[in-house]
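Next up: the structures, one after another.
The two complexes that follow have chain A in common; it is paired with chain B in the first and with chain C in the second.
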Partner chain A sequence: MIFKTLTAAAAMLALTAPVLVAGGADDDTLVINGDIEITTKAAAAPHLDGHLDEVMSGWHFRDDDTQAMEMDDFDNPGMIFVDVATDTWNTAEGSEGKSCADCHNEPESMAGVRAVYPRWNEEAGEVRTLQMQMNACRTERMGAEAWKYDSGDAINMEALLASVSRGTPVNVAIDGPAAETWEKGKEIYYTRYGLLELSCANCHEQNYGNYIRADHLSQGQINAFPTYRLKNAKLNGMHSRFKGCIRDTRAETFNPGSPEFVALELYVASRGNGLDVEGPSVRN
Partner chain B sequence: MRLTGLTVAAVLVASAAFANVVAPDDVAFGEYGEVEASLTGSAGDVDKGRQIFSEKSMGNCVSCHAVAALPDVPFQGEVGPVLDGIGEYRTPEELRGILVNAKKTFDGTVMPAFYKTSGFIRPGDDYTGKAAPDPIQPILSAQDVEDVVAFLMTLKDN
Partner chain C sequence: MADGVKPRVKVPKSASAGEAITIKTLISHPMESGQRKDSSGNTIPRSIINRFTCEFNGESVIDVTMEPAISTNPYFEFEATVPEAGEFKFTWYDDDGSVYEDSKKIEIG
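So, the complex of A and B:
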């Protein structure tokens, strides 16, 4: 017994050493275009009691150059795709000859919407992500084809809708009819998948602030999606990010748009309740 | 393929060479998670162990652990403890146990089990995101584990 306690103590000592050096999240402030103040740190929602005290945007874990790109729309490559989506917004498509603008006017009419998705849709009797809702409009109201989940068209539109909600705190509902989906998402978050047997929580709750090889682990928040990644020079959807993270545990992944990822999106979004919508963001 | 006398002989030789290898499911752990007996009966190769420890496609231990004795390996991680001097305060038996399945030594640890082939949830085929083919291969072979143990035992000074 003594043996085990002693060595565990040695391991603990070694464990705390690099953490002091790493410093975790920085203390910078995010203001976009000198105008939109973004809340990037907030007290954790009550449902995170015992797990996290404070929630933080992934922005705090990036280096200064990457951070700066997000502080001005002219420097943020993600905004190019917002422009593309603005054209799509105004373009009639499908058998009904309607565009998004025909029903919703300006994209600014969507301010605040990103912040409350995924959300329960009473008529459909399901939790819908923003992409699912966009596709419902396309198929049911426009007579157009659904966009493939996380495809360029869908992500660009999601970026447009995020951009007009920047500065609004994420506030997804987890109770009532959404509760069942939320519980399912929570279970997935804490499941240790793959040959490496790692859960989302192992990396993003237990080890945020630490380096895992060249990557500085963040809390894996999704308030800033879609993210323009310097690594692949395009906008990335959250389900694609989930897929990449699960793949990296040497697991069989789920697919973008799957019920598992819809549930996980709701749960992860709720972990960011209180952080402002920040997308499209810039990450490495 | 037709089994000729030659291939039968080759197969026999091959299985004789592996006769001493302990299969992942047969590894016996001590009270504190240590594994007494060598998995192969052959001594570990320090240089190979260093390589397995460092390379992403192999053990990729450096993604979580830093080791000062490897100044040329970039981006050493901080998820696990620094392993400088580990050969001083751990025995080969303990290290073998930690490598085979660290959860037997550290309950619930994030450190993966490197010589294990069952009990996974949605095991995948390497980093493809696809399902693992049957039977599942351990991340490291028995001899890989012995090689890494040999390398760790050289990390003496703190």
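So, the complex of A and C:
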């Protein structure tokens, strides 16, 4: 599967020598703090029939050192931002003088929430991402300013909510009223963008496990977001990552928070149904 | 004081006498090198933590001078021999004169 396009040529060259699985996923097990066991490989959801057999967290595609950083909260630099968000959680803001804690008590009361977003919001009549829901809380209930999409405050809070959901399997609903948005996201996933004419699927479905220049291509799962990236030493949001990918195809990208990226987030999240939430994760 | 500075320390709660234990420390800090420029071309002034020390019952365990090339959120991991019960004291010195402190007690047992 992984070497679909390369095996023919490689097998000719390496008749006797075994083909090295360079860049492929490993078989390590992710346990955080020696306590939270994370499901990082799962059978693919039925809607991926004919596309993927097994879904894998991007954690499997990283070096042992990078993997180890995520296995302990002290070593995980993403947890710094979770600490910052915990302070924000307890700080009253806006005209109502309320903090997140006034309604939701401890952040732990939000366990499992990250796993079901993006989800349909009946009242608003739209699919909402976690950040959109946070902003609805801020503007409607707290009388505070909305956070800019994928800005520091918003990503930190998303990391806090992800951290209390670690170990919960992603389970976003794609039927019912969310179906339309999901279809739109699927269309974007399989559309070739940019001068390089690449779709998400070209790399993350057809070539995961292969090298892209010096890096390993993962399946592009988003169960582990927000992600602390060693390359920029900060937390990165899903939409910013989407934007980076599309930019790399040399296309004009959509913006974080745009309806296109909301749809894409729902679709990509659904590709990871069954994988556990593991954010904030550490990647290169 | 730089924004969002928060020291974190991980020390075992107890050790046997004479045991070498591993200590991990991390402080969130932007560690602005003084080499970068902002969008209008002005140099962003240097703002780093320039010294980190650890003491055990008043005795120096480690004393580190830091330079601008050190990354954001500096992390130190080192070993210390614990001869008796006592307290580790950690101190970070900021360029702007701020001093951040943390301490951890350890028992023999």
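One rule holds in what follows: the second predicted complex is superposed on the first by the 262 of 284 C-alpha atoms of A that agree within 3 Å, B and C clash if a C-alpha of one lies under 4 Å from a C-alpha of the other, contacts with A are read in each partner's own complex, and residues count from 1 in each chain.
Operating definition for what follows: a residue touches a chain if its C-beta (ideal position, glycine included) is under 8 Å from a C-beta of that chain, and two chains touch if they have at least 3 such contacts.
Bear in mind the structure is a predicted one, so any value in this text is a computation, not a measurement.
Of the two partners chain B and chain C, more residues of chain A are touched by B. When the two structures are aligned on the shared chain, A:99 is found in touch with neither chain B nor chain C.
Of the two partner chains, chain B is the only one touched by A:251; chain C is not. By the touch criterion stated above, A:197 is placed in contact with chain B alone, chain C being left untouched. When the two structures are aligned on the shared chain, A:233 is found in touch with chain C, with no touch to chain B. Within the superposed three-chain model, A:80 lies in touch with chain C and out of touch with chain B [touch as defined at top]. Of the two partner chains placed around the shared chain by superposition, neither chain B nor chain C is touched by A:88.
Looking at chain A, you'll find no residue that touches chain B in one structure and chain C in the other. Put simply, chain A touches chain C in their complex at residues 74-75, 77, 80, 83-84, 233.
Those residues of chain A lying in contact with chain B across their complex are 3-4, 7-8, 10-11, 13-15, 17-19, 21-22, 191-198, 202-203, 206-207, 210-214, 217, 243, 246-253. Partner chain A is touched in their complex by these residues of chain C: 4, 6, 8, 10, 24, 26, 28, 71-73, 75.
Here chain B touches chain A in the complex through residues 32, 56, 60, 62-64, 66, 74-82, 89-90, 94, 106, 110, 112-113, 120-132, 136, 139, going by the rule given at the top.
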